[in-house]
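Each chain gets a letter, A, B, C, D, E and F, in the order it is written, and its residues are counted from 1.
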Amino acid sequence: MWMYEKKLNYPINIKKKDPKMAKCIISQYGGPQGELMAAIRYLNQRYTMPDDYGKALLTDIGTEELGHVEMICTMLYQLLKGVTVEEIKACGLEDYYTEHGIDLFPQNASGVPVTSAYISSVGNPLADISEDMAAEEKARAVYENLIDLATDPDVIQPLLFLRQREIVHFNRFKELYEHYEKLGYKTHK
Amino acid sequence: MWMYEKKLNYPINIKKKDPKMAKCIISQYGGPQGELMAAIRYLNQRYTMPDDYGKALLTDIGTEELGHVEMICTMLYQLLKGVTVEEIKACGLEDYYTEHGIDLFPQNASGVPVTSAYISSVGNPLADISEDMAAEEKARAVYENLIDLATDPDVIQPLLFLRQREIVHFNRFKELYEHYEKLGYKTHK
Amino acid sequence: MWMYEKKLNYPINIKKKDPKMAKCIISQYGGPQGELMAAIRYLNQRYTMPDDYGKALLTDIGTEELGHVEMICTMLYQLLKGVTVEEIKACGLEDYYTEHGIDLFPQNASGVPVTSAYISSVGNPLADISEDMAAEEKARAVYENLIDLATDPDVIQPLLFLRQREIVHFNRFKELYEHYEKLGYKTHK
Amino acid sequence: MWMYEKKLNYPINIKKKDPKMAKCIISQYGGPQGELMAAIRYLNQRYTMPDDYGKALLTDIGTEELGHVEMICTMLYQLLKGVTVEEIKACGLEDYYTEHGIDLFPQNASGVPVTSAYISSVGNPLADISEDMAAEEKARAVYENLIDLATDPDVIQPLLFLRQREIVHFNRFKELYEHYEKLGYKTHK
Amino acid sequence: MWMYEKKLNYPINIKKKDPKMAKCIISQYGGPQGELMAAIRYLNQRYTMPDDYGKALLTDIGTEELGHVEMICTMLYQLLKGVTVEEIKACGLEDYYTEHGIDLFPQNASGVPVTSAYISSVGNPLADISEDMAAEEKARAVYENLIDLATDPDVIQPLLFLRQREIVHFNRFKELYEHYEKLGYKTHK
Amino acid sequence: MWMYEKKLNYPINIKKKDPKMAKCIISQYGGPQGELMAAIRYLNQRYTMPDDYGKALLTDIGTEELGHVEMICTMLYQLLKGVTVEEIKACGLEDYYTEHGIDLFPQNASGVPVTSAYISSVGNPLADISEDMAAEEKARAVYENLIDLATDPDVIQPLLFLRQREIVHFNRFKELYEHYEKLGYKTHK
């Protein structure tokens, strides 16, 4: 089980509304490389990892990703807070407003609902972890795309932090991959 | 952020493998009334609740639902642990085994990947909470269907516990609904 | 079976083309809170309602919602009629035009095809009706979002009418819910 | 708008429960060639047909298809009525029971929710009607598959009736296609 | 198996970047009437065609459609090549850039991932080929919509070529349809 | 463009009908780790690879995967050829027969239509190739699951061949990954 602590992994303090930027960042909430499916992917895979090292690492990183979901949601909330109908119209987000007002919603940047079709578990620890490594690389790339688009330092700073965490996770998954490779999980029984 | 504590909300100790029952219970993991989208629904809606009462209640119940996801996953893991290919064939679950071996995967009982199309946030607290109340009622009904199907008391006990929690949550959401009703959120500004 | 009568539930007479507004209103056609899945939800659930009161109410409201689908479609048709390629480009709807010209299509406001993942039937009348109540609340909220976005009284009037019907339906479903509650459908057999 | 008349297009009187057959027939409710998306397809396309002949024909057939949805639903209801948990288990439909009890649900035979991805409207009457003709051919073929699977004459009779209607509709659409072909809708303006 | 030859079915040489036009044309890559699902549809259906004429025709046209996929991809690549973040912002494609940078991706014009829900195979050659005929008509109509939107002759020329191929394919499928009609595939065995 | 050669990458000669095994193997056609989306993934990503080495490798492997799709389809065709309605019923595949007769269809083992939600392209060659490496690992694992389930040597031999190709592709993608790593694509510009 999890305990909630009212504290973010990294401080978010965005002072300028920017619904258009929110519509992009939402991809790291409910998009294919987003934090939500990352958390679910790791917490899902951990059960069948063959040893405690794998189980613990996936639990750790999965739990950290839940915190990253919260960071992204906080960014979305601050970017949308107090946005008026006129501002919505000015940046062409009437479609989002129609269905969600300025509530949050886990979708990708073009409005596709999040789906576990984005993640896998195939019954082999090496294959599962290779997906995790790829997921971290791809999430890193999306953060770089977002940083390209962003102009407000209050937005860029947390994106840089999150990008950095993807690199750390990638390295930890790589170590786990090599560990299971040594244990022989590449050879079909 | 969340802190993981290696402890279940309610003890799970299933001693008899039963992949067929796992295939049903998986619905409360990644199905339309499942615990995973319930957790995401509440944690998603909390940001735009108009006061601290709403924000706190949705954070609380959303966090508890994360623990319920873990309970369901533990049930699935125990029901599938050590299942052989022969047992898979005997109960007709070759489709699942092909794609997941005996790993877990967040899908509904017939194999549809979980999607946020199951949940909503529409920019009005009363409407959002009415969905939450309905979600609890519907999850209760699915637990009843599962209890109808189950025969092993080790499976039935945690299902009864989870069913009971849905009723508790329903009542807490009903109170929140009445609170916002009094505050006038039903009248369009 | 149904008999078609060439008459709308409420007169629609929009004189000003507005493809952008059409793209928003389309959500109440094929979006998650739209009239189409509402009609299907009620007409689907009616079969297993435990008595004639429930069966009749769901048939009635489901049939009325078919008429609301027609109202929404008529609005879309009038908002799109005679729109030129230049007007399409001016409001950024090239994506819609590419795939549909100025035909109608049952999708949400960002282009996701309508799906019955938006609706449920779970084998328990109280749970089913609680979803119906929530659906009416959420549809009401979306109509309010649309009214916020609309400026043409010819558009606003039918939206106000439709919003009002959601409230009426909510109350009728609430009565049905209380009826089945008294009959004991909350207790698991 | 539509008026409901408590009468079926063709009498349904199935006396033998058969949940397995229900699970197949459900495809003609919410599957890719099902009556529900057929009705929606025609009622959706009618708005932009270039003359009254096309508008009226699509309204007529679309309305008849709503009645066919009702026929299919009645078949499902009668095939599932009074089915026990033991009977569900005996024919391997636990997945459906978990999520729907013995309620109906618009899905295909393997449990995929119905979606308007199955239908099209592309801004050209000939192209739209060519889809309608194909839809009737494909629905006919699915009815033939169902008749192959069915053994109970009470089930086969209404399937034969519905198959026959597809052929009638195909011919009426073919006439409409030829009408618009003569009017020159094949040449790009 | 297939052999790749580094040559396009028709020359593509677009000199002017135009990400907005790319976002439309992407529909003929991964949209409902796109070349990708067309290729898959024909190559999928060919196995169960009742004679060599049908098998060969579907293999031929399916293989040609693979080349059309490559033409569309080349157009997308040239329209997007060298596009800057400022140009992305100027035409409102931040959502696409967030998730794909300026890589290609098989989706429809509003960002929905491509799905085989767009295609069918129903166990009857006439029904399958009627879908193929409709597919060609609908793809033709979408090319006409794209030609309406396009202004650059370097874009229009290949679109005209592709539109023309749809007409040729339609006629070849019509001949095949008539061939199987004569062989009696319309009568249910 | 591609040229079709009537020859398989590896001989397939299955003499024993086995619809149940077909239903599993179909996952490597239209499932998440299937050959179809693998081919599309590589052929899609190749356009924006930064040099000819990457473009050529992705074109090569993508083209080979098209041949693997054909191998899998041939297996499905031979496993289903001549299957009777009685045999369909005996192994519980009525759902598939209802919608497809014994035609092929690109879906996963539980009937979900194939979707490009399974694949990615994120605008960074290292991230894209990390996905490709993971895809090969995961496909290998699914082939191992299928080999576990298979008993007929005529089925096992081609599965072993395909599994082996995944390992070869993984190694070639790993070399490409290291090549781009050296060129500095991990550092955000």
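Methods note: contacts are C-beta pairs under 8 Å (C-beta built on N, C-alpha and C of every residue); 3 or more make two chains touch, one makes a residue touch a chain.
Since the structure is predicted, the reported quantities are computational estimates derived from the model, not experimental observations.
Trainee: Please give the intersection of the contact partners of chain B with those of chain D.
Mentor: Common contact partners of chain B and chain D, which must touch each of the two, are C, F.
Trainee: Would you mind working out whether chain E and chain F touch using mostly the same residue numbers, over half shared, or mostly different ones?
Mentor: same
Trainee: Any idea whether D-E or B-F has more C-beta pairs in contact?
Mentor: D-E
Trainee: Return the distance between the CA-based centres of chain A and chain C, expressed in whole Å.
Mentor: Their C-alpha centroids are separated by 33 Å.
Trainee: Calculate how many whole Å lie between the centre of chain B and the centre of chain E, each centre taken as the average of the chain's C-alpha atoms.
Mentor: 41
Trainee: Can you list every residue of chain D that touches 2 or more other chains, as numbers and ranges?
Mentor: Those would be 32-33, 92, 97, 99, 101, 110-113, 115, 117, 120, 122-124, 141-142, 145.
Trainee: Is the way these chains touch best called a line, a ring, a star, complete, or other?
Mentor: other
Trainee: What is the complete set of touching chain pairs?
Mentor: A-B, A-C, A-E, A-F, B-C, B-D, B-F, C-D, C-E, D-E, D-F, E-F
Trainee: Quick one: in the complex, what on chain F touches chain B?
Mentor: For chain F paired with chain B, touching residues are 20, 23-25, 27, 31-33, 92, 108-112, 141-142, 145-146, 148-149.
Trainee: List the residues on chain E that touch chain D in their complex, please.
Mentor: So the residues of chain E touching chain D come out as 32-33, 112, 115, 117-118, 120, 122-124, 126-127, 130-131, 133-134, 137-138, 140-142, 144-145, 147, 163, 188.
Trainee: Please give the residue numbers of chain C that touch chain D in the complex, ascending.
Mentor: Those residues of chain C that touch chain D are 1-5, 7-9, 30, 36, 40, 43-45, 47-48, 59-60, 63, 66-67, 69-70, 73-74, 76-77, 97, 99-107, 113-117, 119-124, 128.
Trainee: Touching residues of chain F toward chain D in the complex: what are they?
Mentor: Where chain F meets chain D, its residues are 85, 88-89, 92, 94-99, 101, 110-113.
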